[in-house]
Amino acid sequence: MNRFGERFTMTTFGESHGKAIGCVLDGVPAGLAIDETFIQSELDRRKPGQNEFATARKEEDKVEILSGVFEGLSTGTPITLVIYNTDQKSGDYTNVKDIFRPGHADFTYFHKYGLRDYRGGGRSSARETAARVAGGAVAKLMLRSLGIEFASGISAIHGIVAQNLDFNYPKNSPIYALDPSVEEAQKAAILEAKNAHDSVGGVATLKISGLPMGLGQGLYYKLDAVLAEAMMGINAVKAVEIGEGIHSAELRASQNNDPITPHGFKSNHAGGILGGMSNGDDVILRVHFKPTPSIFIDQESTNTHNESVSVSLKGRHDPCVAVRGSVVAESMAALVIADMILLNMGSTMSGIKGYYL
Amino acid sequence: MNRFGERFTMTTFGESHGKAIGCVLDGVPAGLAIDETFIQSELDRRKPGQNEFATARKEEDKVEILSGVFEGLSTGTPITLVIYNTDQKSGDYTNVKDIFRPGHADFTYFHKYGLRDYRGGGRSSARETAARVAGGAVAKLMLRSLGIEFASGISAIHGIVAQNLDFNYPKNSPIYALDPSVEEAQKAAILEAKNAHDSVGGVATLKISGLPMGLGQGLYYKLDAVLAEAMMGINAVKAVEIGEGIHSAELRASQNNDPITPHGFKSNHAGGILGGMSNGDDVILRVHFKPTPSIFIDQESTNTHNESVSVSLKGRHDPCVAVRGSVVAESMAALVIADMILLNMGSTMSGIKGYYL
Amino acid sequence: MNRFGERFTMTTFGESHGKAIGCVLDGVPAGLAIDETFIQSELDRRKPGQNEFATARKEEDKVEILSGVFEGLSTGTPITLVIYNTDQKSGDYTNVKDIFRPGHADFTYFHKYGLRDYRGGGRSSARETAARVAGGAVAKLMLRSLGIEFASGISAIHGIVAQNLDFNYPKNSPIYALDPSVEEAQKAAILEAKNAHDSVGGVATLKISGLPMGLGQGLYYKLDAVLAEAMMGINAVKAVEIGEGIHSAELRASQNNDPITPHGFKSNHAGGILGGMSNGDDVILRVHFKPTPSIFIDQESTNTHNESVSVSLKGRHDPCVAVRGSVVAESMAALVIADMILLNMGSTMSGIKGYYL
Amino acid sequence: MNRFGERFTMTTFGESHGKAIGCVLDGVPAGLAIDETFIQSELDRRKPGQNEFATARKEEDKVEILSGVFEGLSTGTPITLVIYNTDQKSGDYTNVKDIFRPGHADFTYFHKYGLRDYRGGGRSSARETAARVAGGAVAKLMLRSLGIEFASGISAIHGIVAQNLDFNYPKNSPIYALDPSVEEAQKAAILEAKNAHDSVGGVATLKISGLPMGLGQGLYYKLDAVLAEAMMGINAVKAVEIGEGIHSAELRASQNNDPITPHGFKSNHAGGILGGMSNGDDVILRVHFKPTPSIFIDQESTNTHNESVSVSLKGRHDPCVAVRGSVVAESMAALVIADMILLNMGSTMSGIKGYYL
């Protein structure tokens, strides 16, 4: 099941070291100006090889549109976006062909499917997330015209936590830091881990603003539930919080409830969602990434014959997957919201009559 | 969208103060012994009105099977479970008919649908979760015969955190505590909040054991992602963690990776899931519930005419929704696993040939 | 898989001789006046036991609303409609407990599920179609307010074919005949078969008028394809035609193409659908029903031990299932259109902006 | 909605005159040998430009695998098949840029989406069916290893109907005729129409053999219903019959019921399906295609400004779309069966236990 969404849907395909990765977007409304430059700029934000905080793999990540766009506009038919793999070095993986890398999907894919594409993790590689970013960019184009905007950045690295979040700052920071006052310490933590042939975890914070009220569908396609699914499904994510998140479980309701005024909510512990639906306030998400499992320290593992082995990885890997992961999280959030925007149409008879009559 | 799951699916219906709540289970395999006593015992674990730590609303929560079972066995056709509402007191809600209760779904439902069933929150009431527990019980019956078991309990209340988890203890505890050494402090925190006409948040921890390897479908129906969706979709949940969870974002990979041995994993920071698939180890989830928003302290709010009002709630409410919520979380987890068990069949040609030839 | 539709969805449940049959409608927009009298009147059109042309089974088919309606209006939450079984005579089926009735689902259900509810066909009974009619009635209520209307009747019985279709006539005919000039011959064909302990096949013709242009979604949820699925899925249906249907395969394009004028199409060979989408003209369907397989003549069959047996059926059965089947076909068509109406919203950016901005 | 299937799914993309058409297959089991030569041979059966009975458009229709296959085997991940368009002549369509071609999707696409890709019908072109054939070929590879085979051919052209069907003959016939005794007359009918700048309709008959009993899911994913959807969704199809089809509506049950013996059914009026499930007998389908709407005779139509125009088409078109359509029908049938094979797993507890324990 490689499709995401119900109405604005994305199906991704491709492996780390295959010919290409990409996605088919089905459900994009007709008449949307498809700004390729914007899609490419989103891919560039996620692109590896840009500085010392990311993997040295140098993928151009050039997007090509195969279908669904005519004379610059979406036609209502499936939009296919393809990114050809250009810098794959499959040779790096020959030595782990039969070995399970700790913390990786190798073990589970092999046991599920009876075989695996061992080159760079194959389909389970974070490289697939480039397709998500391309797809998310189209969702953002649609949502921008409705006044809905997305922002994200890094709020914590290895336990070094941002105190004040400035969503304008990440574009100036190589680690997409949200708080300049801790940026240097966060950078240092990444480089120390890298120099120790190790990696570190981190936290991304997202903000979605401009949402209409009422997004979220019934009890099993709630806005918060689907956002949680979208985030937890990103490689390396181990926890998701909405609004006050884990802290809310330590509070009393008199502290956690957001008073309502004729001009809006007085606080936003809810993170913009009540009863699984947007309440018009900013949606706030925190997404926790584990440290990149690929490290260059000897590790204890097994091979496909269930024999003990010592794994010594080669290759090129991010010392902190959360950094580029924040861009992926933003893209997935955009896909969720675009889907919810379409699903929400038809909630009321008056809305339907207004549309048709 | 009131359906959960892809192959083992549950569609729930009903409102807090309507005639009934219930669910239709579609996809239950034929030939499963449907043990009504077990289903009822699961509902009894969630049932309100049993002690001072829960709401005084006294629902019998008696389940009735309307379809899908013949001579004690599932027939492969939809199983309908109905629970009639017997103790609803709609009158309690007349005073909040036009008012939005802070922290509740009233505001969003009204703005989405243009009207709302104000009696006890209508469809958004936690009462609907009884249908989930009934449905989850059938999933458990199926999974038990495959050796898959579920356990849960309360690991934290109002910041008082369990140190050692004993999954056998909750059945002896009125607050389903996992750690007897902090149980009394947790109880006290609940009662203090209750006496202050307030409520507290809490955390449930779940353990799923006996899973085969490889559950989880591709990149957009990963086991962890769907569990996160299932948990975040439960009323009042604001954060979900898997395995090491938020802590993993503070670690290095050398600390967080689980070494693999021929006899299994040496540790379980992964929480039993790698690459979105079960790795054969226990799946561990932590589910964070906000404090019950219904409190008996005056709160600032608005009404349907967007005028300022002071809300003074009446009615009967749980002082800590996490307690009974832990049973709901367990039920949702069972539904996820049952679905994944069915979806996983057909992953390999050898499995298909074994089934048909 | 007992759910129909993507956005306006119906999940049905129940067996012929169980406690009840019914459906859950998920996706009904809020604010629709739910006219119970109309729903009941639709059920009455399908109800058995009304005259000599239908089975003598006397079901009251009284619908009860369990959820989703508050103060007469839909609330946007699932609407559950239940019909309790009152006249089931399970004893009639004891003699066929282990026997496969020719032309029935007994054989396939037993081999799929390893067991079967033999009472009246269990879930495979045409009794389940009462739930479809109840659900379709709600769809009709929604569509009527958009100016979309449905009509149907019997165009052929046992090869006696209507020449001129009068969609106002069926309500006056006990066999829902569309052509008064052949009605008596069609009635005679039914009664002759009945007197011979046999049954006959027939054809229903449907007309859907008032459709907006453009209903139908992409290439795999085309309007004609989904209508075909809906019709072929009705018990006993063996063929479906749209517009000119089988006749179109005998024509040249110069005969079959419908010329377009500024005031509409000059002819309607297309049956109101081009490229899988409604073109604004009436949609015309012909649905072919085989003769009711339950007959009272000795037939050659086998039992669950694969032994030869002679089947001698008892019970009460329609001598021509097409008659009441036409009402079911109309109901299924209404469900398809309601779904398409919702899905079509969001096809264009201009439509979305009009809805939200 | 450009996805077909529930578990073995195909999402197609691309337009007649865009860069490429193709499909993503999601749900293909791992370990299937992907025989590219076979896939190409299937495409060659559908390929245009091979003789005087088909369009002169010369597409090479060379398939390329972009993902999902490693070392010759499916890996359980999405398989992407792409066919680049090489012989598109967009210039042929400049004169119909603003004109609606009678019998085509131009009218409905324009009114649904507010714009259209007018080059060769864009997405609505029968060219998209090449992607279906590529996808269907993979389904056939899977099913062949389970002993399930597909055959098809032309049973009627312009009312000239085959009397005896020989499913081995079509491979020797340029019009895929099933009955050599009428082949020449059928050919003549096509060429006469072609010479008159017109086109003719035709009928394809399909046979699926080797099916296990019990394929088909519940009441709303019945085998016959989904086959009907699959067939009616093919360009130009206007009617679908199963087994005895329209003829069954003219019979009595004593004629139409198939007697059951310990060695199988005595006849096959049912067309291999009872109660929406396969009964182990051959599944027989008849698919009725209207004449290709593109003809070179002046026709009455309108343009996008709703003005009367006379359409005079240019370009290259099939004089009888049923011929190549029969290959598409076979491919769609294979996709349906592959899906049903996967869905059927997990129908019984004993099957599940056999799979896992």
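As written, the chains take the letters A, B, C and D, and residue 1 is the first residue of each chain.
The definition used in the following text is that a residue touches a chain if its C-beta (ideal position, glycine included) is under 8 Å from a C-beta of that chain, and two chains touch if they have at least 3 such contacts.
Being a predicted model, the structure only gives us computed values, none of them experimental.
For the pairs A-D and B-D, the larger set of C-beta contacts lies at A-D.
Comparing the CA-atom centres of all chains against that of chain C, the greatest distance is found for A.
Annotation: 38 Å between the Cα-based centres of chain A and chain D.
The geometric centre of chain A is 26 Å away from that of chain B, both derived from CA atoms. For this pair, chain B with chain D, the centres built from the Cα atoms lie 45 Å apart.
Residue positions 1-3, 12, 26-27, 30-31, 76-78, 109, 112-114, 123, 218, 343, 347-348, 350 of chain A each touch two or more of the other chains.
Touching chain A in their complex are the following residues of chain B: 1-4, 6, 12, 100, 102-109, 111-114, 123-124, 128, 156, 158-159, 193, 196, 198-203, 213-214, 216-222, 224-233, 235, 237-246, 248-262, 266, 269-271, 274-280, 288-295, 297, 299-302, 306-308, 322, 343-344, 347-348, 350. Residues of chain B that touch chain D in their complex: 7, 26-27, 29-32, 74, 76-78, 142, 145-147, 212, 218, 341-343, 345-357. Residues 1-3, 9, 11-15, 18-22, 24, 26-27, 30-31, 65-68, 70, 73, 75-80, 82, 109, 112-117, 122-123 of chain A touch chain D in their complex.
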